[in-house]
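In the two complexes that follow, chain A is the common piece, with chain B as its partner first and chain C second.
Our next item is the complex of A and B:
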């Protein structure tokens, strides 16, 4: 009986996904190491160890840094992964993220009379505006069958330019070409977390992100709504046949995805970490990193949590690598190669299957 | 012995699973050799081995007495083996001639030389009495003609050994007769034919010998003339099969479904795909809509079940107008739908069996509380259906639907739909692609519903099914109903004429009974 249980664990879908994600990471890191060797072989070992150690190299403070960086990308990853489950590609996480970030900062700067509820109002407003940014592509997809990838990309530009415009008009710090600083009441409380992690920027945000992970997990796996959403993602025709209102589900799925990204934007900037939106014509990176996180985490909420932490980990490691004389871009290349291998994880899965088959044969 | 094909002791494994287990197939020159077996018996695997798509672990292949190694379909072609596929592989905007020479064009300096080809094609057509027009476009000719083009294509390449993969599935009875004649003519000319089918009538009619496979194993080869249908089906299934569907006497009750003047416009053309169709299904009645594939039956069902809106007309279920109701509403009002395409509509293939079994009822009180799924209840329910309907799968309720066999997938759909205590069952080709055992089972279930006083609307392309199961038959041709008959008052030949559109009843005067 016991043996049967362990066997079903080793052969379970989830475990296979986990193993192939780990193998993808290992393969990506190997490619990264080769890159380091090529660009500067003398410091390669040192640089590589910096990236592997990530935040751990600088103790609790480093870990706190990792948690802070992980928070927004866990949420954008969750956003993309959630939409994936419904069969939608939410490439608009960046726009939703930026819109949420702007509204949060705006409220943080302007609505000063809210006292203890200030940061909560900021977060809620960011969730709302993110949801609206998701709603538009959702409606267009559901009722007019407009491809969500195109509308989402357009929403990214709208989000970026509208934000830049509105910052200039309302909360512009002309000297530094960025947003003004928010009132300290608007910052998400540290709740002792920042202090625990060596006075880092980590705060309640990571807890909120983890709660979001749990909520999304429960919605997807335990509710009738999640059942409908996943069915819609796996076979839209069958959901129609079963009388499921797939139009409504598509819209809701995009709304929830948008809300998650918007929350991510607020959590990054309402942190008292000295982060500001720079007024530049660049689409927010966190949205695209979210796609990577969702891919690496196989769109599974728990997977997304760990993928987000891992990417934050090597991002911090990449920062440290600069001490060895490597440009931070190398880190981006390594991250990219990990994702690249992640996309090949299907191949890796097949390979594992083959090995297992061969082993089974050997047993008999 | 002058065997043209000998496949000796072929074993082909996929992992642990033996798809072919020591199978021997010996085909004599100039015979029609039927290959009979249920779905999953290993017929396709065996043919794939013959075509070099799979390499067997054990066994050897001899063609005309010489041992050969077939590594790819090209090798097979060079050995003179050709196949007419179930789904034709023709280019629709090519002419017949172009289709035939495709892949074997005669050229001179890079320029097509069609004259020789035309001569050869016409000769072949005359020789076998194909009556084809080489300049007609493939899209304009009938399905039966398209099949002849496929056959000509094989003859054009001088293939000696022809494999027909369930060739009659798409044909009318008249076309089937003609195909049988052609097959006989081909063997007279010295060709050899392997005829894959699970229709016993056709084997009786045309085949000389028949090899039977069951669950990957070779059961035996018999002379068709010496065996009865019952014996053959027993070899195939491994038990006695009842061909006659047993039904209690027909006692129709009040009308359950009334369709009045339903019209649906086509998506592209101006022609109506469903044109002014009126029909009534009563309690305790199985009404069968017969017809050749593509005459509007699919659209009729889409309109009935709400998958597509209808343009004109009225649908009444138990006295209530449901013309504008949503799919969910119709389903809750007691209309269940066994869909034509079980992979497209019937199942979420990447959901487990239990998840699929609650696809139509997951939102009911029984299975959810405040929006949370009651997994224990779902499991209990799934286990009950699995037992009651004998749905077989590797891991029971947690098996992925994708990994289940076609017959068991269909059983799962039927279990889910019939267990909802329906008023009206709309079953579209419920036994398509299934073997005799499963067909018998599914027909029994439909008849059980009827005997319990439910109304059943059966859409079928198989005349055996139409004649055996139904209480009343309407025939659909080009979107219209052209006949309304009782199975005991009509012959298969007559039905064939209705289906082909050569005979019509005046539907607006008489012919509608039970009203």
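Our next item is the complex of A and C:
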């Protein structure tokens, strides 16, 4: 009896996934280390340890930095992961993120009479505009059969140019080619978090991100609506026969995904961290990082939380590694390698199965 | 009239790379493999091609150098796309994941490599490839001004590759097999087609065209490669979907987008558009909004390959 139990644990899907995820991370880090060795072997060990240590190398302040960087990408990761669950590829998280960021900053600069509610209004407006940016691909997909990938790509560009235009018209700091500074009432309160983490930029935002993770988890796993969404993602035809309004679910899924990305945009910029939207014709990177986060976290909300923290951790490490003379892009290479190796999980599963077969033969 | 010629000439620079890369994407997808790694493949191809031009610029110049660079870009694209093929065909991986990984990898690797080789991220190159006027053809009235002046060899290479690609997929045995693998791999397998091999071929072709497309995009529009192709890989993906995975429609979609894009970037030299006095960013937005509107009216019946994105499992036949 006992033996059977342990065996089923070692062969369970969850354990296999866990092992392959760990192996993928190890492989990705190894590739990063090899790159460092090849390019400049003298500093490789030091540079690599900087990546591994991440924020931990500079104490509480470093951890705070990690949390601050993790906040927006956890939200864009949730956004992409949530849409994945409904079988939709939300490559438009960037546009939703930018739109949310713009509206939040606009309100932060212009709506000065709100007092203590200022930042809350900013966040809510960002959620709303993000939702609208998600609504368009959702509607086009559900009612006009337009592939959401293409709509999302178009919305990324429309969002970027529209934001640049509106910034220039309304809240432009011409000298530095970026947005004006928001009023301090618009910044998300630190609530002691920033002070706790060595006066870093961390604030209530990370708590909001964690709440979002929990809410998404509950919606997906504990509600009928979440069940419908997942069913939609698994088999669209079957849901139709089961009487699920898949059109409505597609639209809602994109709306929620958009809202999450929009919130992420607001949390990055309403933080008193000295970050501004630069007026350049480049699509926001956080949306694409969100795809990486969602993939690393296997679209599971809890997984996304840890994936976001992990990527933020090595991003901070990558920043520190520059002192050893390496470009910070090494971190992106590592992330890419981890995701790629994660996709090769079949290789690992085959390997585990082989070991098991060999063992069974041995038993006989 | 000069304005008209200028717009046509400029359109080529935008439309040809889109056309090439979208056709490449079409080959991968119609063989059954979703390839969103096009952006990454373009970046890699442009990188090695431009690096070659930059390094050899002292000893060579002109069209010979450009042709060699095109080949190098294409081969780089093939090598890079093999990673995607291995993951999606041998490992039956989720093709979106593998593609995303490659898209993330390429620009990071290119910046890393450029900084290790040259010390800086940008790779400058000397543009010795512009053809002011093609001999004989350039002196044809109207047509000569439109298509054979202020041009690059890449335009003609692109059109030639397009014609070959469009012919191969619709008129040859290989093309038929490729399409079968994307629609119903089980049926193809049952009559002796090696689905894995065909899909490899599809991805490799997309790698070649993607790599070439990257170089073809950078050469006429810049003299400095900065580890980016400005999202053209994603746009090509959009053009491919817009073109319903069919070579003829992709041609139309690429030029529709190319013309729009040219209007957006060159509107100041078109008196009528300049007279409207709209902000710069509005013009830049128009290509994307126009594409969305066209899509609403044309997408009712999607013709996506039926088996795309699904790893072929012999046992499930």
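By definition in this document, the second predicted complex is superposed on the first by the 329 of 364 C-alpha atoms of A that agree within 3 Å, B and C clash if a C-alpha of one lies under 4 Å from a C-alpha of the other, contacts with A are read in each partner's own complex, and residues count from 1 in each chain.
What we mean here is this: a residue touches a chain if its C-beta (ideal position, glycine included) is under 8 Å from a C-beta of that chain, and two chains touch if they have at least 3 such contacts.
This is a predicted model, so every value here is computed, not measured.
Trainee: When the two structures are laid over each other on chain A, do chain B and chain C clash or fit?
Mentor: Taken together on chain A, chain C would fit alongside chain B, as the superposition shows.
Trainee: So in the superposed three-chain picture, is A:112 touching just chain B, just chain C, both, or none of them (first/second/both/neither)?
Mentor: A:112: touches no partner chain.
Trainee: Of the two partners chain B and chain C, which one touches more residues belonging to chain A?
Mentor: C
Trainee: Once the shared chain is lined up, is A:35 touching chain B (first), chain C (second), both, or neither of them?
Mentor: In the superposition, A:35 contacts chain C only.
Trainee: State whether A:184 touches chain B only (first), chain C only (second), both chains, or neither.
Mentor: A:184: touches no partner chain.
Trainee: Between the C-alpha centres of chain B and chain C, what angle is opened at the C-alpha centre of chain A, expressed to the nearest 10°?
Mentor: Here the answer is 70 degrees.
Trainee: With both complexes superposed on chain A, which partner does A:333 reach: first (chain B), second (chain C), both or neither?
Mentor: It touches chain C, and chain B stays clear.
Trainee: Which partner does A:150 contact after superposing on A: first (chain B), second (chain C), both, neither?
Mentor: The second partner, chain C, only.
Trainee: Where does A:235 make contact in the superposed view: on chain B (first), on chain C (second), on both, or on neither?
Mentor: The first partner, chain B, only.
Trainee: Minimum CA distance, chain B versus chain C, superposed model, integer angstrom?
Mentor: Nearest C-alpha atoms of the two chains are 6 Å apart.
Trainee: For chain A, give the residues common to its interface with chain B and its interface with chain C.
Mentor: Common interface on chain A, chain B vs chain C: nothing in common.
Trainee: Quick one: which bits of chain B touch chain A in the complex? Just the residue numbers, please.
Mentor: 15-16, 305-307, 326-331, 337, 339, 344-351, 355, 359-360, 362-363, 367-368, 371-373
Trainee: Quick one: which bits of chain C touch chain A in the complex? Just the residue numbers, please.
Mentor: Touch list, chain C to chain A: 36, 83, 87, 91-94, 96-98, 100-105, 107-109, 111-112, 115-116, 121, 231, 234-235, 237-238, 241-242, 279, 281-282, 284-285, 288-289, 291-292, 295-296, 299-302, 304.
Trainee: Spell out the residues on chain A that touch chain C in their complex, using ranges where they run on.
Mentor: Within the complex, chain A touches chain C at residues 35, 39, 89, 91, 136, 140, 144-147, 149-151, 153-158, 161-162, 164-165, 168-169, 281, 283, 288, 291-292, 295, 327, 329-333, 335-337, 339-340, 342-347.
Trainee: Which positions of chain A touch chain B when the two form their complex?
Mentor: Chain A reaches chain B through residues 222-225, 227, 230-231, 234-235, 237-245, 357, 360.
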